[in-house]
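So, here come the structures, one by one.
Consider the two complexes below, in which chain A is the common component and chain B and chain C are the respective partners.
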Partner chain A sequence: MVEMVIDENNIGYIPSLGTSFQLNETAKEIILMLKQGKSKDEIVEELAKKYNKDWREVFIDVTDFMEKLKIYGVIQ
Partner chain B sequence: MEYQKPTINKVDFRLASKYGSPLKEQRIKGEIDGVPVKELVEKFGSPLFVFSQRELEEKYREYKTAFSSRYPNVQFWWSYKTNYLDAICKIFHKLGSKAEVVSEFEYQKARRLGVEGRDIIFNGPYKPKHILRQALQEGAMIHIDHFYEINDIEDVARELGLKEVGVAIRCNMNTGVYPQWSRFGFNIENGEAYEAVKRLYKGGILKLVGLHAHIGTFMLSSSAYRVEVEKLMRLKNWSENQFGVEVEYIDIGGGFASRNRLKGVYQPPEVIVPSPDEYAEAVTGAIYDNYQGKLPKLYLETGRALVDEAGYLLTSVFATKRLPDGKKGYVVDAGVNLLYTAFWYNFELFLDKRYEGLNEPSQVNGPLCMNIDVIAENVMLPPLERGTIMTIWPVGAYNYPQSMQFIQYRPRVVLIDTNGTPHLSREADDLNYVVEKEVVPDYLK
Partner chain C sequence: MIIGISGLNNTDNPAPGVGVAKGLLEKHTLIGLSYDPNEPGIYQGLFSKVYLMPYPSVGAEEFKQRLRYIKEQTGLEAVIPTLDAELYLYIKYQKELEKDLGIKTFLPSLSQFERREKAKLAQLAEELGIKSPKTYQLFSVEELIKLLRDGDELKFPVMVKGNYYRAYKASNLEEAIEYFYKISNEWGFPILLQEVVSGEEINYLGLGNRGKLVGGIGIKKLTTTDIGKIWNGITIENPTLLKLAREFVEKTQWNGAFELECISNGREIYLIEINPRFPAWVHFATAVGVNLPQMVVDLMEGKEVEPQLDYPSQKMYVRYVDEVVTDFKLFRQILTKKEL
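This part shows the complex of A and B:
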């Protein structure tokens, strides 16, 4: 479960770790969807639909982003 | 709201400084001499070497003025090995540079461009007799590298029936910098250079008319040139006293640095690279302080400092990936096959426009299926799209001539003239070009 709290300036904070992160808008959306328990495929589909983007391109971006979340220890 | 590539960066207060945030700074170069990089790539393809004639001419004039305003008889000799594209050589010859070559190939290239033999200095440690013969017949100035070469020149001169041949000897020396270039020419400190002069006269054919040294490359110390000139002048004075001749010129070689960033050097080029005036002051000051009799002509083989900053390599992002250490990896279409000097320099990377998102530690790799194909190992970049055009600079010196047909075809080269018009100056390689010289033995057909 993602415990990140995100403020209005897109600064994410993980209380248990005491670490902070800078995010952009799409990153914030993805974190919020992860917190809702959505799967990677659901997130890709939703973003592609919302921004009218080729899902295959969005898939690369979301995969890359989630890899980085793992590296930061935000998700397992 | 528009779609942005998602980015996340850990807040690291160590990154904050009075110089700004490395997370937001983007270095952008949308055009070269007024020509948009996007247009260049659309018209000529990617990757693409681009040279600016405007920059070449400005640099040449800057150096010419620095030396000529201090010294009465200065001649620049264009160092072919630094960049021997026809168009580049032509520009320097039109500006007044003669040719400095270091091989049979370079000699022939200069002659093909219409340079007379007498306007060619022939350096280098390897000059087989057949090319020495041509050079002597055509009046080129030979700079002798070793004792065997003295023998060879004497043999060829006799064959040609020449009674007297003016030559220069190449010298190496300790100028107080590391590494000391000691493999070219004759050493000053151990007396070998003096022995070489004696040997010239002992043969009865050769006459010393010049002294040459090339003390190193990317020389960040102007004082090293002062030491070089002092030692050459001492040898000149000794030779003149000893043999009653006039040594007409001293040739201080090349090695002046460009505004490139040498790996492992902490300070930026703006701080550490001497200006043309500093180099000129050191060189000419040492001549004035040490000359006896007539002032010698001053020859310079400046290459890198004149051409490096005039050269750009445009490359396009082909793919991205997340590396296991967390860095963003970019695959671009230009690699170390085109940027041999990437092993020593951290080039500047410019983006074609501003990109949304925060910078993150990134690595830029070329298209070769080789782990060493690294253009930039640690660079802060925002999330880039496929097709983003990066401008790599400065790459004008030693990259094109050392570029390899290895795995990939070499790309086109474009020259932008002083009016801002781009001209194709070398076509890209293709399969026919690459295999043209191959021969399949009959038994394999």
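This part shows the complex of A and C:
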């Protein structure tokens, strides 16, 4: 479960830890998709299609981003 | 009620007394119990009288005599002690204070107090089913060198902690030795050497009533001073932290205020320290609607208290610097007459 809540200024906040993050548009999109329960493969596919990018390139970026989310305690 | 409160320091290393007093000021007569005429809380207009107390190391008789004198002078009915170094005396003699002097307290028993000592924390954490960092109790610098240079149990950085006060992160042996002497020269032994756990520091301030958690708030410190004292903080909702607080109170049958210091990486919580008293940021709880000092007074008076475990999330605590200009004769008076 992704606990992060995102406000109108794209600040992501984790209520149980009191930590805040400034998100860019893509980060926000990925977190919202994770909150919807989408898998990494689904997120990669959706982003690759939307931004017209090679899925391999998107896969590397999404994997890297999700590793960071784990380090920050945003996802388990 | 006429209530004595200790811990009046309010510098960059504030004690809890001023925060406790702010929660009780409107309804009660407050007596300041100070150890040093320089403590800013003496001069903040919170206390109707202030008395210098003998240092706890002077012994129990001096301590009881002083409280008896203050009782005679002011009609003191209760004391809320807030300093680690004096708690042992108050806890040990809590029944005697009530019976012989008519001074109420609301404190844990000696065995409850000892169960959460830093050196015994790992055992308590295990009983609570929670992780805690590896901690070693040291009485000599040789032990420290042996552990850090020759052993593989601990890797740098490590925390060097006093039994009551002070904690420093050491990145190498030289720093660890420096902190060992810095803390032991001021606060004595043992010195504790603790594994550093990475994650976010979160804290829970709670109040136990004979084994039942009756109030509390969870916070995260957003910014701190060099020695880890909060500048800004935020209320958090952390069900795991609340569960831990409940279990700690139930398991130890805790009575009185306490602060859990934990580290969370989002997956699990590590228990770092349990302070057996209010923290200096206690007024944060009062300001978000959980007036724990008032609950302590209600419990001391034998009243039923409604549990207050709900509070608004994302409320921000901001500590700031303030000044008071007063007459130097007040300082001279408390220095010479030991009361004001």
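In this section, the second predicted complex is superposed on the first by the 76 of 76 C-alpha atoms of A that agree within 3 Å, B and C clash if a C-alpha of one lies under 4 Å from a C-alpha of the other, contacts with A are read in each partner's own complex, and residues count from 1 in each chain.
Keep in mind that, in the parts below, a contact is a pair of C-beta atoms (placed from the backbone, for glycine too) under 8 Å apart; a residue touches a chain by one contact, two chains touch by 3 or more.
None of the values given here were measured: they were computed from a predicted structure.
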Fit or clash between chain C and chain B when superposed on chain A: fit
First (chain B), second (chain C), both or neither touched by A:I6: neither
Chain C versus chain B, contacts on chain A by residue: B
Touched partner set for A:L47, first chain B, second chain C, both or neither: first
Chain B versus chain C as contact partner of A:D64, first or second or both or neither: first
Partner chain(s) touched by A:G18 [first = chain B, second = chain C, both, neither]: second
Which superposed partner A:Y72 touches (first chain B, second chain C, both, neither): both
Chain C versus chain B - closest C-alpha approach in the superposed model, Å: 7
Touching both chain B and chain C, residues of chain A: 19, 72, 74
Partner chain A, residues of chain C touching it in the complex: 199-200, 202, 219-220, 222, 233-241, 264-267, 313-314
Touching residues on chain A, where the partner in the complex is chain B: 11-12, 19-27, 29-30, 47, 51, 53, 58, 60-65, 67-69, 71-72, 74
Contact footprint of chain A on chain B as seen in their complex: 1-11, 23, 320-322, 325-326, 328, 356-358, 383
Touching residues on chain A, where the partner in the complex is chain C: 13-19, 72-76
